[in-house]
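Shared chain: chain A. Partners: chain B in the first complex, chain C in the second.
Up next is the complex of A and B:
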């Protein structure tokens, strides 16, 4: 164990002693200075989560959230110096966090919020022109094998809970008291331009978009969506993707390298 | 629902749908406008706070052992979820303490 490992471990565990060998520049007590630093590290991590998971925080209250976030920060410290994207493991942590078991939808709300964080920082890719897609209509027989590349910011979250309504109600859209948390909803997260959007979509549309995102061609993705047997509006789903500038590439062979 | 159904969508149906989608989306200005206007944007302005800011919570006292951990576990999550509708609740809204008891 190197001194650096000792230092890192002691930073996240308040029961660890101050690492040996520390010296303060002005001769003050290193143990006390270390405690200040330790406190600020944890506060910074908790604040970063509080910024990214605002609805999750509102759902449980600030005190509960900060305690949960601190427990997560100690168990799963950041693996990247980019703190803006910290929290990938947080939804899974919430799902297994016994004190939050009374709110079964909390983890999915957190998943949705993390997808927004990822979408916010995702790369910008220019959408394909509608003329380019229209040109593919000339080769009707090739359409089923046509692959569609989608924006890096795009994600689909299929939840057993009303994540979109819950999230929206916390942003002033809709009446929170009218939201039934147990109603399954599918969320489409993407960033057309500068704003991250959360859009509630039918479950079959979610299956379709997720299949496209996995690289399956148009025909196969549509088949999978229809196989759900709950009704699938292909034109509306494609129209939404085009409206939101979500289609970034056309792969005529269906092969996406 | 039978096992023998392996029907695939026809190329013609796909062409119809793509054509309809294109006409649905034929509002090319919309996406551009969205980038230009200045609506307030919830939760997007994230920043990596890795410095010692002089805000609430960042005391410069050694409070690293003093956090919510001790009493938080007994806290019932509270907040706006208590306003959230619940069909299994006698009040019609989430009552967090009773929530688990209701689910037999």
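Up next is the complex of A and C:
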């Protein structure tokens, strides 16, 4: 074990002793000084999570959130110095975090927030032009085999809980007290321009969009959506994707290269 | 194989060799909360500085705003994640990301820290101290050579704020930095606040420390605020928070430094408790006033 191993391990593990070999000019106990580094590391990682999971934090309160985030940071510290997308494992950690068991929807709210973080920093891709789209849609016979490329920022989250309403209520839309967390909701996350949007969509639309995103052509994606048996409005779903500039490529053969 | 030292002439704040250099004026750290205010008001400011790692994302608002702001202002790229003081190999993927960012924004300066932040594949998100011994010197110089070769430009190395020292150290920090500058040809980013914080924390005289640094290699100055704590003996322990205005003691050192090295690109750093842009612009004007006192 090198001195650096001891130093690094003690930073993240409060049960480890202060590393050997540290000194202070006045002969004072270096453990007190080492504590500054421990604190810096933990605060920085907790703050990084707090930035991305604001609604999760509001739902549990700051003290609970920081304790949960610190436990996560110690168990799953970042593997990269690029922290913009740190926290991919945090929703799963929340789902298994016993003190949060009383809020079964918390992990899905965190999943939604993480999708927003990823969408914010996703690549910018121009949507297909109206002309290209009109030309392709005019070919009705070819539509079932048509594949659609979607924005890199786009994601679908199908939840057993009212994640969209909870998220919206925490952003001043709707009354939080009126939200029934146990109502299943499907969220569409995407960034049409500079702002990430969270849109509640019917579950069948979620299945359809997820199928398109997986590279399946329109016809097959629509079949999967209808197989859900809860009604599927193809025109409205396509209309939403177009309105949000979500379609970035057309693949007549249905194959997504 | 040591490279020759570039005979920069920083007494006139010019001529750090490289693709470009920052103007000898005061700049500010660029914060997303100020993007729109900057573009709307186009304030009179020497340059903006960004933390490189914050912009290592594919798209979105960060690049949108930075692209616009870059078109109006000189830019300093300041890395916080290379772990130049680390034990292991530099992260080549991270160095590639840095090269791509430099390609995209053509910054006027690139700087990093005499510190480590990654170990064993884990990023610890802090600038951690290293012993100043022969082994560290060889590692740090090898890393800086690698960075300068990969990026094709000279980098500036920043002196750290530290809270502990190592029994194993055989160089003073100033001696260590002097050796690194001689062996690699890199420049020095002199963080006056870090110098002050470290000297208070280690019972030394800040001006004597600054005078012992390789001042001819200074290419940029940082100024920031700190918090006050005490150590186990009840002596002052200053914490480099970047969360407060620059202190009077640091301003006094800065003015004295300018008298010695001449006008220097100077950054007001503020990364926590970020106030509205006009507050930071006022602080930048303090530094700008001191810079202009030196103008012929």
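A few points about this structure:
Everything that follows uses one rule, which is that the second predicted complex is superposed on the first by the 237 of 257 C-alpha atoms of A that agree within 3 Å, B and C clash if a C-alpha of one lies under 4 Å from a C-alpha of the other, contacts with A are read in each partner's own complex, and residues count from 1 in each chain.
In this section, a residue touches a chain if its C-beta (ideal position, glycine included) is under 8 Å from a C-beta of that chain, and two chains touch if they have at least 3 such contacts.
Note that the structure is a prediction, hence the values are computed from the model and not measured.
In the superposed model, A:5 makes contact with chain C only, not with chain B.
Once the two complexes are laid over each other on the shared chain, residue contacts for A:59 go to chain B alone; chain C is not touched.
More residues of chain A are touched by B (comparison of chain B with chain C). Of the two partner chains, chain C is the only one that A:25 touches; chain B does not reach it. Of the two partner chains placed by the overlay, only chain B lies in contact with A:192; chain C stays clear of it. After overlaying the two complexes on the shared chain, residue contacts for A:44 are found with chain B and with chain C alike. Residue contacts after overlaying the shared chain place A:174 against neither chain B nor chain C. In the superposition on chain A, A:83 contacts both chain B and chain C. Applying the stated contact rule after C-alpha superposition, one finds that A:68 touches chain B and leaves chain C untouched.
Looking at the shared chain after the overlay, A:36 reaches both chain B and chain C.
In the superposition on chain A, the residues of chain A touched by chain B in one structure and by chain C in the other are 32, 36, 40, 44, 48, 82-84, 120-121, 194.
Contact residues of chain C toward chain A in the complex are 53-54, 56-64, 80-83, 86-87, 91, 94, 97, 116-126, 128-129, 131, 163-168, 201-204, 229, 231-233, 235, 237, 239.
Here chain A touches chain C in the complex through residues 2-5, 7-8, 11-12, 21-34, 36-37, 40-41, 44-45, 48, 77-85, 120-125, 152-153, 191, 194, going by the rule given at the top.
Chain A contributes residues 14, 32, 35-36, 38-40, 42-44, 46-48, 51-52, 54, 57-61, 63-64, 66-68, 70-71, 82-84, 86, 99-103, 106, 113, 116-117, 120-121, 127, 130, 133-134, 136-137, 140-144, 166, 170-171, 176-182, 192-196, 218-220, 222-223, 226, 229, 234-245 to its touches with chain B in the complex.
Considering their complex, residues 1, 8-9, 11-28, 30-31, 34-35, 39, 41-44, 46-52, 57-65, 67-69, 72-73, 75-81, 83-87, 93-94, 96-97, 99-100 of chain B touch chain A.
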